[in-house]
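Each of the two complexes below includes chain A, the first together with chain B, the second together with chain C.
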Partner chain A sequence: MSTLAQASTWWGRNVRLMLRNPAGVGGAVMTPAVFLLCFTALFDRILAAQGLDAGQRLPPAVLVQGLMAAGTGAGVLAAIDARTGMVARSRALPVSRASVFLGRLGADALRFLLTTAALLLVGALLGFGFHGGALYVVAFVALALLSVTAYATACIWLGFATRDEEIVMSILALPFLLLFMLSSGIVPAERFPDWIEPLIRESPISRTIEALRALAEGGDVAATLPVAVAWLVGLTALGGAGAVRAYGRTS
Partner chain B sequence: MPDSPELAPTPDEGDAVHVSGLRKAFGEQVALDGLSFRAAAGSILGLLGPNGAGKTTTVNVLSTLLRPDAGSVRVAGHDALRDPAAVRREIGLTGQYAAVDADLTGRESLTMFARLLGRGRHDARRRADELLEAFDLLDAADRRVKGYSGGMRRRLDLAVSLVGRPRVLFLDEPTTGLDPRSRMALWEVVRRLRADGVAIVLTTQYLEEADALADRLVVIDHGRAIADGTPDELKARVGGRFCEAVPVDPARTRELASLLAGLGAEPEAVSDDGPVRCPAAGGAGVVGEVVAIAERAGIELRDVGLRQPTLDDVFLALTGSHAPGEGDGDGTGPREVAA
Partner chain C sequence: MSAVAVLAGRALRLGARNPGVLVQTLIFPLLLLAVFMIAFEDVMPTPGGIDYAQRLVPLLVLTGASFGGMALAGAVLRERDEGVADRLRALPLPPGTVLAGRVVGETLRVVLSGVVLTAAGYVVGFRFSAGIAGALGYWLLLSLVAGTFALLFVAVGMRVRAVETILLTNPLLLVLMFLSPGFVPLEAFPTWLQDVVEVNPYTSIIDAALGLTSSGAVTGPLLRSVAWCLAASAVAAVIAVRAERAR
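== the complex of A and B ==
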């Protein structure tokens, strides 16, 4: 039995479980779109006064905020699978380890694709647009998917390690909030106090948001995209190693 | 290797499970301390012991979920430490909690695992149907599992473990939390599996369950086997069934004990408010005799009945101390014998 066939079985199961909980999926898909509306209402004039266009600036930021939430969701589902014995059951069967992760991440990616679509739709109504070619749009979506994979992998590690979805949610809530607040998501890095500005600029969240903005603008992405991809690949590798280790210890 | 080889069971190629000198510590806490036992093919082996004795750790090692610190493990002829993948193709595992998705239907769960194990769409559906029928779940097949009763969940859980037709099945406390009727239904299923040639290793804290199901028992305490034998052999060491009677008036307890001395009661071992016990190897007839004797003496009884030794009694007999870690009351105190 090939890993890919097993992965598609896990994916089917995960997607089916997701669809059986429409409130959960609906919330995950619609929340960023609603956040975008709120942020735009709040910051439109403030940003305009500073010469910034909220309509173009905010959607990438809210998308990254949404992918942190999506990561938490993946961690919660992983914790539930570990707690209920689903992971132990699959470990005691001739089921490939990679298939479990691919099936999980694939389902998370699908959900996040829907989230991204809803956000871009609302964003378009508020003035967000792609100014490059189709290739830039594809790269934008690909970067969003790479981001959700990175965050989900790290959160899945936490889920397998703790086997407790409550702990996953409470551990992740504060760091994710801080990471978003301390980023260039809403206010540009240079508007932060001098002592913290480098931190804001270099944070993986800021880096991802800036790369998404650059892709939406359609101009030169050499300054932003490679750093963002490096961050995300690194995070995926680290989270993946931890998650595989934690998976191997689940019983 | 510190294990003395002569204490280890002799390997036998026909054994479903062969474990020798198993050690596992979690930090300071020693879970397995030189555990050795074997389970013959096509038989039911019961691992009996209180909470924390090492039963679940043992099952986790046998099912390749956990690597021991020392010792050897053979399952279905394969070395579980060197070739866990080969073991996984031969085993089924049913853990303490029913590991089935609450939001899938029973049929979907079974079909999913059949697909994971390499069956095609059509073949997977057929295997699911077979198992649904065998486990009396056809009527509930297309309902979500969250609407199942505890017994139905356990049956589905067991059915999922059997999708791949394992030769060796591990059941970790399969009936904990089930009502008596569901418990007996599950026992029936386990016996049927043995009849089909599946070797079963099950853990339990219930002596009556071990007694009802197991061909052989290994009693585990503090991570080592403290007794190994058939249920009858172990029961003989404990003393078998007894009749217990409690007078309404505690002041007459000693008087009743003296009257029952002829039936084997020990008056000097009776406390003022405790029950009077006498051996009842002969079965229910002894209860009638006790009632008749009490009636003749005009002693009104609050309670009288046939009791079976509990896990605690087994431990008392085998180790001279009470079973540790029995906080929830299960398995302590005499238990009614099912009529």
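== the complex of A and C ==
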């Protein structure tokens, strides 16, 4: 069996497990939508005072944040697999290491796709729209999925490395919210204090959100998209290498 | 009485050694204070000339008390599962001592975190500018709120059967936190939502704290805060006492 065929077997196992826990899936789908409603209510007037349209500005940002929140779930599931011995058993099988990892990530991608769809639906009700062609929409969704892949690989790495879902949950409960606040997701980078502005502007989260906004606008994306993709591919490679290594060390 | 003190000290030490409680009570609100000041101070409207830090500090005391309380409820539940609660009950103590000790310890935890958060608020611009009486009122209000949250979450920890049930309070706490005038002033909310914000108990408490430390009405919000706290404490006390007897 090729790595890909093995990966699809793992994928099937993970998807079946996921479907047996509909509450978890529902949470991952609904939470970002609720966050979007909250942030729009909070910032609609404040952003309007800055000459910004919250309806168009917030959905891509909250999508990235919501996907990060959903990405922590991948780390939790990886930790459970490592703790309960599932990883040890799969390592004893004559299958490639990457296939286990790809199967995990592929099943999560399905969940992330649902999150994205739910968020775009609520976003559309709040005034969000795509102003480019179908290609831009496809690129938007692909970039969103790439962004969560980068984050989820790091979470899976943590899950395999710690083998304790409680540690994973408590470590990952905070960063995504704080990192999101410290990006151009809500407030534009130039409205941050001068000393931190360059960091805000260059953070991978800001870069991703700006690229998603450009894709939704449907205009020129040459200035934003390549930087975002470079960041995300780099982070995914780093997280993936770490995750596969940690998987190899799990006993 | 000294038994209550010993048990309160035990609750306090357990909290300090529990990373979940420590992070949620202290680290998370401190980080939020820093991040909110950095991200939003520049764009936030300041009705009545009230500094943003002035709103944030009371909100973050509430945040630390509530999310830390959630971690505490989990710890109470674990003690029940592990049999520690039964061992404490086997001690020759008057009824209610264990419960009282835990509530006192938890109240102290929230008050201590309030002291740290208020001190950190001073670094970013929080000030007591409404006189000594106002400052005193602020600390009394904070203690009352601390006692209420302690009772509430001890009651939750004694009543529920599974950690998942405790986690269900998470979205509720987030909504209470966001839909209050601590994060964004009331005037910035959409008109239809302002009515909802005004009903939120956090709003009464934050408004009272604003009145006591800077400017604005004091009596109305303060009376509402006290009413909310007493009502919530009464319900929580009934639940906790009944859960204690039922064992």
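The rule is simple: the second predicted complex is superposed on the first by the 251 of 251 C-alpha atoms of A that agree within 3 Å, B and C clash if a C-alpha of one lies under 4 Å from a C-alpha of the other, contacts with A are read in each partner's own complex, and residues count from 1 in each chain.
In the analysis below, a residue touches a chain if its C-beta (ideal position, glycine included) is under 8 Å from a C-beta of that chain, and two chains touch if they have at least 3 such contacts.
Only a predicted model underlies this, so the values are computations on that prediction, with no experimental measurement involved.
Once chain A of one complex is fitted onto chain A of the other, the partner contacts of A:38 are limited to chain C, with no touch recorded for chain B.
When both complexes are overlaid on chain A, the residue A:196 reaches chain C alone and has no touch with chain B. Of the two partner chains, chain C is the only one touched by A:187; chain B is not.
Contact with neither chain B nor chain C is seen for A:3 once the two complexes are overlaid on the shared chain. Contact with chain B, but none with chain C, is seen for A:85 once the two complexes are overlaid on the shared chain. Of the two partner chains, chain B is the only one that A:94 touches; chain C does not reach it.
In the superposed model, A:16 lies in contact with chain B only, and not with chain C. Contact residues of chain A toward chain C in the complex are 31, 34, 38, 41-47, 49-50, 170, 174, 178, 181-182, 186-187, 191-193, 196. Residues of chain C touching chain A in their complex: 19-20, 23, 27-28, 31-32, 35-36, 38-40, 42-45, 171, 174-175, 178-179, 183-184, 187-190, 193. Chain B makes touch with chain A in their complex at residues 60, 63-66, 85, 88-89, 91-93, 95-99, 101, 103-104, 108, 112-113, 115-118, 144, 160-161, 164.
Against chain B, the residues of chain A that register as touching in their complex are 1, 5-6, 9-10, 12-13, 16-17, 20-21, 84-86, 88-95, 99, 250-251.
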